[in-house]
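Two complexes follow with subunit A in common, the first pairing it with subunit B and the second with subunit C.
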Partner chain A sequence: MTAGCRSTGATPELTKSPGKAVLWSLPMLALSLFMFFGQGGIPRDPLRAIPLFCTLILVNVLFYLMIRTGKTDRYRAVFFITMAVLFVISFLAHFQEERGSMALTAGELIKGRTPFCHMVIPATIIPAALSRTIIFPGSILGPYSIASMIVLWLGASLAMGRGFCSWGCFFGGLEDGFSRVRRKPWIRKIAERWTYLPYAVLVVVVVMSAVLLSPFYCEWLCPFKTVTEYFEVNSFQTMLQAFIFVGLFLGLVVVLPILSRRRTQCGLFCPMGAFQSFFNKVNPFEIVIARNQCKDCDKCIRECPTFSLDARSVSLGRTRISCVKCGKCVDECPTGAIAYHVKGTRSQWKPARARMLFIYPAYLFLTVFGGGMIQDGLYRILLLATTGSMVR
Partner chain B sequence: MNLLVQGFLLGLANGASCLTTCAPVLLPYLVGEGGTVRRNASPVLHFLLGRLAGYLIFAVFAWEAGLWIRSSPRGGLIFGAVYAALAIVLVTYGFSSPANTCAAGSMGSRLTAVRSRWPAWLPAFMGLLTGLSLCPPFLAALAGATSQATLLSSLLFFLAFFIATSLYVAPFPLAGLIGRSQAIRITGRLAAGLMGIYYFYRGLIMIYGGLRS
Partner chain C sequence: MKVIEGLKSGLGYTWAALCIVIVLATFVGFGFWERTLAEGTGIHVSPRFSGGEVRQVTEHNTYQTRLHRLVFDGLVSERAAGFVQIDWVPREKQSLPATVEEEFDIDGDGSIEIRVRVDMVAGKAELLRRAPWVLGADPLITADSERILRIQLRNPRK
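What follows is the complex of A and B.
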């Protein structure tokens, strides 16, 4: 690696020239133009056209900066947090429009129109294999359907492994945002054993979903029900469920991330994240630490948002299985010892090229997944500003 | 003889459902202990003996007061208390760190101390409490036992039921194949603790229902 690489921890040959950075960004521009305009051209309604152009500019400016500066997490986080916030706005407005309420009623459950999200995937596998039953009241095909989500998730998981949690999960951005509120953490030390809690939650969710033939996580443990859709509160049980959802959301997505500067829901609770960790074993990318450059300053351990680095893993030159490939450690390492790496290649094989090989598909997935959410979220905000309501 | 066959067949027919009660309790415990397949046989046996004790206690109870407990909504108080006790055991086991033995006075350290002296008591106690819990096959067995004429026949009926349902628990030592790393053991213990929280909720709901009736 060059001296320049050590100072930035990233892509020396690209950062030398803005022209080269533009050239590297052009394929993303072409792909995003195709994605945003390929289906219906430019909308005539300015409330639709403005969000579309804003999203296109946001996507490409952030990608250019990512290439130009060599910083991955800094610009990924902007996109990721924006996507999460606007997803919530878009989702809630959509359900206000469809149902007139955020509440999920028994009638809606029977209709089988509950949107399927990736968080339920691990719990559905065993019941589907054993009893050919999909334990989720959603539709198999169509938008927000079980099939479409599983196809997207499977493709992303094979390409990025647990990178899905930092480049695709539309919930992760919320706590990512809260974890960046304070400059220094109040809570510095969390016992290592709690980092195994997501795997325990995964075991419980999978076993109980198979035993009860119902999506146990959605019914009892999902913190994000607080900002998406909740069960209509009409009994002691639904009241308790709402209490748990709000408590988990406030605790794990808002308060603890602010106090610890970590993504505590992802790192200490999320069963989907735990499940996703196993895909880190089968995808082609990983984060490696060059031991000959590492000064053991432990900055990466302190900064890792999902507790995926510890003294042992650093000494071994790799991350723990839970790494979300956000790139924060790569950005923060003062000696440039941490880099993206393609499995099967030499340990310090062209880190800049390995990074590009990872961030291109990852960013493209983020754009495909989040572009529509950002557009619709912006549209709802404009609608609110011009008509006084987010609902058409 | 007919009585034994009836109990056995009932257990065989409903044993898979028994797993829904036993598996969430026993599997996290076995994974948390990180034993080999051979070493897991011992806690599974203790668990089964505890469960047998639970069944036999219930057999006596069923013969004496089975009809009452089936018809009285206040029976929920008893089963709710059993679930709550099971929850306390699981939560204490799951969330107490095995390294914290010096934390004098804590429930976790007491549990660790007792376990080091009598390693069999915890799986046996969990077996006893699951044996006393109200799962659907158990209700079927209860109905069969209450119709028996004598205490001995009630005991024999539950014994046959126990033997048949235990066949489904027999593969549990294979949990040792999962691995014995520290990470898997911690995960197993935490999963047991989380199951405890769930059983606590179920217990509270049952007690609440019993009190309201």
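What follows is the complex of A and C.
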């Protein structure tokens, strides 16, 4: 079947009845109960138990609404943004507790206590392949370790492809949040050539990291160092690094998303996102556009947060490779021409089934991965409210 | 044609359903996958960060001196510049002496290449070079109760 005659049907009909929506939400409730209580049971400390129950309720209410209304991005974004904000709170409190500071000292680096995040993964591949070493000052096993992050990232990538960027990345929610501050964008048009920049950044980061044998992106380009941990400023170099981190954060994660209503760090800069795009090719899910229902209003092109739709891709009935499967275009399309699709299946057949097959693994990943961050973030806020400090 | 379409659909849905299994397996078997990845691939942290394997341990009354191997590791071959790391680690419930002065045969050839004097209180190290390929010392690093010194080297084999 050619893309030009694809037809997806309108918004999913499956869950118009509340009863059916409850039934479809029950497996997620069971899975989240299993994941949250399976290992440790109910904590005795009320400051731990309250966040656990709040997270459980939040997760399942949002999922029910997602099923009931047929809107994906609306409720995903609530979870995603909450996760990002509480991740920052949890992370900073954790390191304040462990080290007494957000600053990363030379001692911490040598001791391998730097948390490994997914952004480093592309930079580590060549050295790991050639010398079996990871060019990162972390630890191989244990909490925040290299192996743990790679396992999580691999699982997410196989299940969602670049969907990881909107259903798993604990940084993405920050700019997702800022991109929703204004109702209308000030910057309406960003030239298409800028959307290739992440691939150029990816090449530079991979090559420079292999040459220098150090994580070039973390050391020089990561905007999120501003809200996680930064190198102790004790030289001109570390001062310059801090300046770059803060500049990139303010520009790409705060100001540009507010002005353009787009995720500009993800869409115009992130090398991990560019790398992750290739995983859309080894993933069964995609977004398709029914040409026979499309009115060419271009709303999806304007709304796509990661510049993954343009006139050409819409005319071909599909997104660009950079699609993060957030579902915003699906939610926004006035004619219901855009839908989730399982590769290999007929496009006009059961769009609700395809959506359900995608959101179950995606939301489950978000629940388990993000649920812990939300719980700890809430715990830190409760700790602050009751003891005056986020640190135990 | 219909058979092929049906087969493609079946495979597509199976693949899609497997994604739920993948996510569940990722979390349920998390510890197993983590260990399997680490042990199966044999990956380790680059010695440029970890300091490399400890080659020699010298016991003192209240502390240990750990001399690491020379690190000239490159991507495919040795690099022209590298370093050697020395750690001073206090024994349990002990502390490091105020000053330490030691000599090291850093390449294991039987001759002394460096002499180091460390002022633990001031956090400063003085280096006396006895080999031309010893370049200089980095600032002394404090990590927990340990002191760590990296000495920059030129690769004598390059």
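Here is the rule we go by: the second predicted complex is superposed on the first by the 380 of 392 C-alpha atoms of A that agree within 3 Å, B and C clash if a C-alpha of one lies under 4 Å from a C-alpha of the other, contacts with A are read in each partner's own complex, and residues count from 1 in each chain.
Just so it is clear, a residue touches a chain if its C-beta (ideal position, glycine included) is under 8 Å from a C-beta of that chain, and two chains touch if they have at least 3 such contacts.
Remember, predicted model here, so these are calculated numbers, not experimental data.
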Fit or clash - subunit C, subunit B, common subunit A: fit
Which of subunit B and subunit C A:V201 touches, first, second, both or neither: first
Partner chain in contact with A:M160 - subunit B first, subunit C second, else both or neither: second
Of subunit B and subunit C, the chain that contacts the larger number of subunit A residues: C
First (subunit B), second (subunit C), both or neither touched by A:R193: first
Subunit B versus subunit C as contact partner of A:F278, first or second or both or neither: neither
Distance in angstrom between the closest Cα atoms of subunit C and subunit B, superposition on A: 7
Intersection of subunit A interface sets (partners subunit B, subunit C): 211
Parts of subunit A lying in touch with subunit B, wherever the complex brings them together: 193, 196-197, 199-201, 203-204, 207-208, 211, 236-237, 240
Subunit A contact footprint on subunit B (complex, rising order): 20, 23-24, 27-28, 31, 97, 183, 186-191, 193-195, 198, 201, 205, 208
Residues of subunit A touching subunit C in the complex: 31, 35, 105-112, 126-128, 130-141, 145-148, 150-152, 154-156, 158-160, 210-211, 213-214, 283-285, 342-346, 349, 354, 357-358, 360-361, 364-365, 368
Interface residues, subunit C side, partner subunit A - complex: 5, 8-9, 11-13, 15-17, 19-20, 22-27, 30, 33-35, 37-38, 41-51, 73-76, 85, 139, 141-144, 146, 148
